[in-house]
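So, here's a batch of structures to check.
Consider the two complexes below, in which subunit A is the common component and subunit B and subunit C are the respective partners.
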Partner chain A sequence: MNVWPLKFRETPDGGIVFADDAGGFFKSDEGFLRRYSNDSLNASDLAFLRDGGHSFGKEFDLPWTSFAYRWSRRQSRPQQLSYVILVPTLRCNLACGYCQVSRASEAARGFDWTADTLRDVLAYLGSLETTDIKVEFQGGEPMLRIDILEEVRTFCRSRFREAQFVVCTNLQCLGSRELAFLEADDTFVSTSLDGDRATHERQRTHESVRTNEFFDNLDHVVGRFGPGKVSALPTIDVDNPPDFPALLDNFENYGIHSVYLRPVNHQGFARKLKQGTNVLARWNRIHADFIDLLVDRNCRTGRFMEEYYFSQCLKRVLQLGTDNHVDIRNPNFFASDYLVVDHDGRLYPTDEARMQSRIGRIDLSIGSVTDGLDLAKVALLNTSSLNNFDPDCIHCVYQPFCGTDVIDDVSRYGRVDVPRPDTWFCGRHTAVFDKVFELIYRRDEAVRQSLAHWAGVSSWAEEMAPAHS
Partner chain B sequence: MTTTLVNTGRLRWKINEVAVEGAPRVGDGHRSANRTEGCGSAAVTVEIAEAFHPYMDAAVLRLQSQHPYASFDIADHGIVVTDSAGIGDIEIRKAVLHAVYRERIYAETLSMRLALVAAVTSK
Partner chain C sequence: MIPLRIKVDANADEPFVVRLRSFEGSVAGDIPIALDARDVVLERVSDAAEYRGEGGCIRVHGIDPSQIDGDVLLVNPHRGSADRLVRASSPHNTFLVTERCDQLCVMCSQPPKAHHVDLFAHFEAAALLAPEGATIGISGGEPTLYKEELLNFLVQTMGKRTDLRFHILTNGQHFDELDMPMMRSLERERIVWGVPLYCRSPEVHDEIVGKQGAHARLVETLGFLCRAGAQIELRTVLMKRNAPGLTALARFITSTLPFIQTWAIMQLESIGYARQNWQRLFHDSSAEFDGVGRALDLVRSRGIEAQLYNFPLCTVPASYRHLAPPTISDWKRAYLDECRDCTIKDGCGGFFEWHPKKHGYAKLGAQS
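The block that comes next holds the complex of A and B.
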């Protein structure tokens, strides 16, 4: 019998979590590790590994083929380009200190699509092979160019079989034209809500008049269009985090049960934000405590809320093919299924890549709507976009569930070859997966209720946390 | 005397024999993690079973990058760790053994991984 390579990591309770390259995992102990490493597995070990799909008899037998299938489903396959982030303007009517995109002031000139750019963008969209498209309007504040949004939407509705639109807006200015735009069933709102009123004002609006504008408009949109219309994300300053119970109450009041807790992104103006030392450790602590808070709250209220990214990571552990979040997948090939069109018509592989270029750190543009994709540059970026044989990841028990983020590495370290354990990406995701596995193996009913809800299953089954001694 | 890895150029390493102050002589350690105090820094010898010796070089490279303030040297029967202030003996032993285990697992299963990738990605 051949055992597929097992990676392992100690847990705080003295146990050891093992995983194979296809994401099959179990918890055991030092004794099993010693037997496995010394080629002295006993009959019980071999039976457990066979039943768990961690071994095979010979190449291409059923267990081998089954493993190969699961492994292949763990790899994110390049898809047709069907998701575009459009930045019709870089101007914004707010001036957040941690703005990730280095927005331009509302009165600035030269930061909007020109008529020629709009024409070229529509031609570019028209050239895509996909039949379905998702368009995300970003900024700046995209609502400042509602005329462009209307033109793009009209074009996409006629060009594609199905089209969906998300407007990432600060909801500061909503007139009748903007509301009419948002009313359509194929159009959704994504906004920022940094917690309670005081936190939102401190971090974003800075004055009560503007805070009132935002909350009045949020009330209006949720009241008029229903809760499914709006999603909201808080940005967390680790130096001054919000009151999290109040944040959850506030989100729930607006009918939003999924909270994507994001640290300040190390991009744009946010690069200048001083957050003190040990930011990563403090962020990881905040995030882990927030998950515990959610578990307690869900159990107490019976109304389930989630932290979106934690749920995503949990699903990546428990399910195959959870590759729909572009921040965590492997390989994470650029410009395969989504890209960004900036305010000047240039194409970027990610929103963060255009932010890097905006501040002049590095030109990560990969073409333009006029000239098309620069495939050589895309290929260059893609060489560092997979973790399978990275010299550190190959030993990491979380590799099958994790991803890569070349752009974040460039942003923080100016290079892509920093040893993974020294990167923010690795530190953050190791902590998230530590928490995922801590909960998976915490024999607690409250935890299991939340886990089942977050994983999208009706109830938690004992077999979902395999163990061997 | 013990052995160390010396970088002689681009990804090329050779084994040199050098003296490590305070390091135990080969055969001194009867336990698998044996701490000794010499005139220099305290040293711990983690004995490594012979089957794992071919993987000690790779393990030491990895350990050195993971614990840059400690020093890892290869001896005849194991790996000598010096300047590991702040890390307990049990933790040192575990870190060393796990690193050696990982390198052996990697080396001995690489052909399995390559065959898998080739089979899944071939057209």
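The block that comes next holds the complex of A and C.
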């Protein structure tokens, strides 16, 4: 019998988590590790490894084939370009201190698509091979150019078999034309809701009139179109986090049960924010505590809410092919299934890459709607967009579940070859997966209820967390 | 029950395939669709419905023509009957390609026979006349005992009718590497292979199917099907003998069979050997659902689809009912008197027509 290579990591309770390259995992102890490393596995070890798909008899037998299948399903497949983020204007009617985009003021000139840019964008969209498309309108505040949004939507509806639209809006100004735009079944709203009213005002709106505008509009949109219409994201200032129980109450109040907790992004104006030392450790603590808060709240109320990114990471541990979130997948090749069209018609692989270019740090544009994709540049970026051969990742037990983010590395360190454990990306994800495994192996009814809900099953039982001693 | 065999008079020597067309309500001479050479058109209805086509006339007894419009029949003139190979109004059409089998399952609903009549030519003719987009079931006996004929049949019909799909039941005992090129030449998205695996334990599986070494051979075949890119519906009939091993089987699926399209846990059908052995075999999942639920949850937690086939909805706890689609074929589906006022009847597949009134589910009619 041949045992596939196992990677491992100690857990705070003294146990050890093991995983193979195809993401098969289990928990065991030091005794097993010793037997494994000394090549002295006993019959019970071998039976356990066989049952768990961690070994095979010979090439092409069923266990070998299954492992190959699982490994290949863990790799994110390049797909057709079918998701575009459009930035029709960089102007905004808010001035958030942590704005990631270095937005332009509402009255500024020269920050919107020109008629020529719009024409070229539509021609570019028309040239895509996909039959279905998802369009996300970003900004600035895209609602300031409702006329462009209408034109793009009309074009996409006639050009594609299926088209879906998401307007990322601060919901500050909703007139009848904007509301009519949002009314369509194929159109959704994504907004920022930073927690309770006080936090939202402190971080975003700065004055009560504008805070009222926002909450009145949010009430109106949810009330008129139903809860499925709106998703919302809170941005968390590590130095001054919101009252999290109040944040959850507020989200639930608007019918939003999935909360994607994001730290202030190290981009744009946010680069100037001083967040003190040890930001990563403090963020990881905040996030882990938030998960515990959710578990308790879910158990207490019987109404289940989730932290979107944690659920995503949990699913990446448990399931194959959970590659639908662009922030965590591997390989994470650029411009394969989505890209960003900026206010001047330039193409970027991600929104963060756009911001890097905007602040003049590095030009990460990969072409324009008129000239098309700069494939040589995309290929250059892609050389660092996989973790399979990273000298640190190959030893990490979480490698099959994790991803890469070369843009974040460039943003923070100005280079792509920083030792992985020294990066924000690695520190953040190691902590998230530590928390995932802590919960998976916690024998606690409250935790199991939440895990079941987040994994999409009726109940969570012990056999879902394989263990061997 | 919907009749699958009907009484027919025909003046011919050999069995033949026809498609019945009624065109009721259309003006004579104004038939809207081009006719196939095998189409026969309803001319008049007296004591029987009379159809006429290029090859002559047939008379159909005892069924209203409106119920069989578009049906494809295999007419057996000597017996004076016809098998409704394709019922145009039904999604449940299955070709029984042989009654021979190399296994002898304790619960077999269709106990095997030694005799075999090769009807592939008729099946091909019938498939080509099936309604647009139809899915055709292939069953037995064991269809792959005639593997060469079966694969040729698939190549032919799938080439000529690119809209057809197939669902093929096989015990997975007869594929070998030499079949790989042909398997790969078939459009894999259009075929689902229904393969039974009853237990992780080879001894229990072999005992259930009545064949030594069947489990080992099946395991090889599952690897073969994965490498062929085949879509697999793994089928596990639930019985007293294998119910205790359901969690171990679920774990095996998550670690070793993650490539299956779906895992179907199936309730027992009280016919054939299952009827004879009912007391010994039937696992009352309404009284003991825990193991079934745990197995479903384990497999689904790993992102693998798992469903309950042939489970009346009211025997399933509410939180699992969305996994129990109505799977009992229309022609053998029945509801009990108690079902009359049931609020969840619409989404329920009911019972097999022959489900025993005694020795059934202890907890019928649970509404929550």
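Rule of thumb we're sticking to: the second predicted complex is superposed on the first by the 469 of 469 C-alpha atoms of A that agree within 3 Å, B and C clash if a C-alpha of one lies under 4 Å from a C-alpha of the other, contacts with A are read in each partner's own complex, and residues count from 1 in each chain.
Just so we're on the same page, a contact is a pair of C-beta atoms (placed from the backbone, for glycine too) under 8 Å apart; a residue touches a chain by one contact, two chains touch by 3 or more.
Keep in mind that what you see is a predicted model, and the values were worked out from it rather than measured.
A.B. asks: After the overlay on subunit A, what do you see for subunit B versus subunit C, clash or fit?
C.D. replies: In the arrangement built by aligning on subunit A, the partners subunit C and subunit B fit side by side.
A.B. asks: Which chain makes contact with more of the residues of subunit A, subunit B or else subunit C?
C.D. replies: Comparing subunit B with subunit C, the partner touching more subunit A residues is C.
A.B. asks: Looking at the overlay, what does A:463 touch: subunit B (first), subunit C (second), both, or neither?
C.D. replies: Only subunit C is touched by A:463; subunit B is not.
A.B. asks: Taking C-alpha centres, what angle do subunit B and subunit C open up at subunit A, rounded to the nearest 10 degrees?
C.D. replies: Once the two structures are overlaid, it is 100 degrees.
A.B. asks: Which partner does A:70 reach: the first (subunit B), the second (subunit C), both, or neither?
C.D. replies: In the superposed model, A:70 contacts subunit C only, not subunit B.
A.B. asks: Looking at A:280 after the superposition, I want to know if it touches subunit B, subunit C, both of them or none. Which is it: first, second, both, neither?
C.D. replies: neither
A.B. asks: Looking at A:21, would you say it contacts subunit B, subunit C, both, or neither? Reply first, second, both or neither.
C.D. replies: First partner only, subunit B.
A.B. asks: Applying the document's definition of touch, where does A:320 land relative to subunit B and subunit C: first, second, both, or neither?
C.D. replies: second
A.B. asks: In the superposed arrangement, does A:5 touch subunit B (first), subunit C (second), both or neither?
C.D. replies: In the superposed model, A:5 contacts subunit B only, not subunit C.
A.B. asks: Looking at the overlay, what does A:446 touch: subunit B (first), subunit C (second), both, or neither?
C.D. replies: After superposing on A, A:446 lies clear of both subunit B and subunit C.
A.B. asks: With both complexes overlaid on chain A, what's the closest CA-to-CA approach of subunit B to subunit C, in Å?
C.D. replies: Superposed on chain A, the two chains' closest C-alpha atoms are separated by 11 Å.
A.B. asks: Which subunit A residues lie in the overlap of the subunit B contact set and the subunit C contact set?
C.D. replies: Shared contact residues on subunit A (touching subunit B in one complex, subunit C in the other): 60.
A.B. asks: In their shared complex, at which residues does subunit B touch subunit A?
C.D. replies: By the definition above, subunit B touches subunit A via 49, 51-52, 62, 65-66, 94, 98, 101-102, 104-106, 109, 112-113, 115-117, 119-120.
A.B. asks: List the residues on subunit A that touch subunit B in their complex, please.
C.D. replies: Against subunit B, the touching part of subunit A is residues 2, 4-8, 10, 21, 33, 36-39, 59-60, 67-68, 71-72, 388, 394-395, 419, 421.
A.B. asks: Spell out the part of subunit A that touches subunit C in their complex, as residue ranges.
C.D. replies: Those residues of subunit A that touch subunit C are 24, 51-53, 60-66, 69-70, 73, 315, 318-322, 452, 455-461, 463-464, 466.
A.B. asks: For subunit C, which residues are in contact with subunit A within the complex?
C.D. replies: Result: residues 219-220, 222-223, 226-227, 247, 250-252, 255-259, 293-294, 296-298, 300-303, 317, 319-320 of subunit C touch subunit A.
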